[in-house]
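There's a structure below that I have some questions on.
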């Protein structure tokens, strides 16, 4: 049995996936997520330590480690790195072999990736200039509304209509929402509107790459069923999501670790 | 079914409607009834109705032109030219441009270019505009239509003609002539020159009324200049057609009638507006009026040219084009602004900066500085003509309010 | 003069030339350096190192060509008065900056050259007249012989570049009339990944940055011109006409409406390159409009395309790096598959 580690050091959170592999099958043994903080390298090392302890495996049992994400360049425990684009493609391909379009909305950026049969990246487009349409937007709005964004999904499903958030810029949208609250607009409608706002930004990206079924969402925002549903409605195609969408990048990195050894 | 759905998803319905004579007649009667009192709006809607009927007609030649391409040569051939830039503004005014703008992001992968042209691309891609037979663009006021027309040609088809100017009347005249003769050949029109003469007479007649309107406004303000920003579409589209004559005559009559009836406005603050203004629904202009501020004249209305000579149609059209001093060079715009500020006794100037308009925005701060140095208070407003998402209304109002305080 | 980093050799050459004089600066690929050389001046493509445009923001809005804003910034910061410069109406930003620079007295002598959009017979004739006027302005008279000799020389330069090397920046020897030839430095002749760089204006440092990520630019297609260098032929009788036709009809500049030649070139080079990188300068309208279609067409040729959007400063190196690395990974995957 061989063991591989994939590490995804994002600007908001760091994820580690432990993969076990024999001749016939690859298996996700375990994973861990933690806030990156100021030292991504250290956070990753601590996370790896904890994860391996939990599974009674030592570092020397690990065949290979691959790092991805924004912090991949600074790590000292491996020299193998892959971009998160390739890793998300690989990871989704493992979980959904029929996936051909991946919509990844993370904490600070969003991307749409066209993938081939074996998870190869065929085309991609990214938005990393603007917080609008990313997890950051939801985080800020959740603070303004004093509602945890974990509840955004449920609330969305329970609410029938929504209020359109017209500002595309996060900063202005924040003022807009404060105004709506003061006008007595019910929070549920605002939340649903916020979800639609994020979905609409993603649609713009999707259109640049084109839709090929199956469509899968990854990244932290995929946990928000409201955004998923809104996106499904806007592109007219059903979207699948993995159980744990945040670890897709790290999973892909672990799979690359296997490939590269 | 909402109007938006109808326009974007059921175009074949619309096309068959306008094709059907009873529906067309019904629409005409409706417009005549609804706008019985507001005759100026009535004429513009009747023109729009005929334009729509023409461009969705089965046998008509569909020609897209940019705002400064001379409309006369097309009316001479019984063609109603479609001005996509004006149409983009029109759709925005009806609140129907959002889908087209979103669609354009998919085409361009970018939303930094002029939103008017983003709208044009979206409307073409979504087949709201018919597939053009010809696309004609002059190189002024800007190059955007040359590129958007070029993309439309790639997406939908059509033949593209670009009119280079070089500030050379002779060269420009020869190009206009070339295009006119090319079109007459294609359409099998034999009496090209005779038709052109008739159209030139109509254009001159319309122009006479247009000049009267401008003169009357020097002494009397009877309506806010926002109306004239809306009429800019007509200024670009109808010279050479009977609608041109009717429109400007009606406008002149309306102004005269209001003066007679004493329906005169005494603005507290008189403003000169540069570039165009937002077409989508906004309370900005009413808000200005409520503060006693009125637009008394606009750059877009200040266009003027020598009467066209029926014996030298192409040369005089070339002269007209070269002398269009709206949205033109830094020097011209400052000169025209100072002239108009004096003529129309403006207290200040609002210089509107359209998102994505390179030719307009590069010199704006310098224009403002020069005007201020000449003693004319001026302000630059960053906004958008057709995309309300690029129009931070409250910020703009705050800026203008401060400006008005400075002036008074 | 403010310190220019040693990042690019051409910048030092530029600095020296501006100090010593005897040059005519230009910023557009439609300006024939032959005309400048034939007038006894040194053609000088104006490209400055990227700076944060704080002085420029005082006089101009942010939303137009960042390359022009950068040139403006450099001029303002260093209090430069460019001896002579040629501007064109190649694009809306360029057309208006001429008027602004004229108004503000940025250079002693600015010449405005008009470029037709069309390339039919009349337009070629008209542009030939424009070029004659430019020549007269620089020379005081028309000496056709001088121009013919210069075209000879430039043809030999083109032959040399085609023969000698693949380093794309060798076109600078052509653009400066062989006054600048120092470009061999760190070009990798056996690169891992070779690309065709399509752009309008781009910071020269971008090439170096790509090199550091293992990507070599084999072909440039930009506002400086491209390095697909055909000779000028049949120019002895009417060199102005021939030069006019050559510059109007060749594959440079994303502003030209006929993109067929560009596509043909890419098709021809397909086997020699791994992909196409489109460096989209923010707010560059011609490129934004044209690249929409170009991207699709190049994809149908089964070539991977990467679009990098930047405001000339290469400020977001981390983001650019991620995209370029992902692009390289994509290319390696394709190679594996095709094996």
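Just so it is clear, A, B and C label the chains in written order, and each chain counts residues from 1 on its own.
Convention: a contact is a pair of C-beta atoms (placed from the backbone, for glycine too) under 8 Å apart; a residue touches a chain by one contact, two chains touch by 3 or more.
These numbers come from a predicted model, not from an experiment.
Of all chain pairs, the one joined by the greatest number of contacting C-beta pairs is B-C.
Across the assembly, the mean Cα position most removed from that of subunit C is the one of A.
Separating the CA-averaged centres of subunit A and subunit B is a span of 46 Å.
Inter-chain spacing, taken between the CA centroids of subunit A and subunit C, is 40 Å.
Here the CA centre of subunit B is 36 Å from the CA centre of subunit C. Across the assembly, subunit A contributes 125 as residues in contact with two or more other chains.
Shown for subunit C are the residues that touch two or more other chains, namely 307.
The set of subunit B residues touching two or more other chains comprises 109. Of all residues in subunit B, those touching subunit C in their complex are 107-110, 112-114, 139, 142-144, 146-148, 150-151, 154, 160, 162, 164, 166-168, 171, 174-175, 329-331, 353, 355-356, 358-359, 361-366, 380, 382.
The part of subunit C that touches subunit B in the complex is made up of residues 59-61, 63-65, 89, 91-93, 95-97, 99-100, 103-104, 114, 116-118, 122-123, 126, 130, 255, 257, 280, 282-283, 285-286, 288-293, 295, 307, 309. Of all residues in subunit B, only 102-103, 105-106, 109, 388-389, 392 touch subunit A in the complex they form. Looking at the complex, you find that subunit C touches subunit A at residues 299, 304, 307, 316, 318-319, 321-323, 325-326, 329-330, 333-334, 337.
Those residues of subunit A lying in contact with subunit B across their complex are 125, 166-168, 172, 203-204, 207-208.
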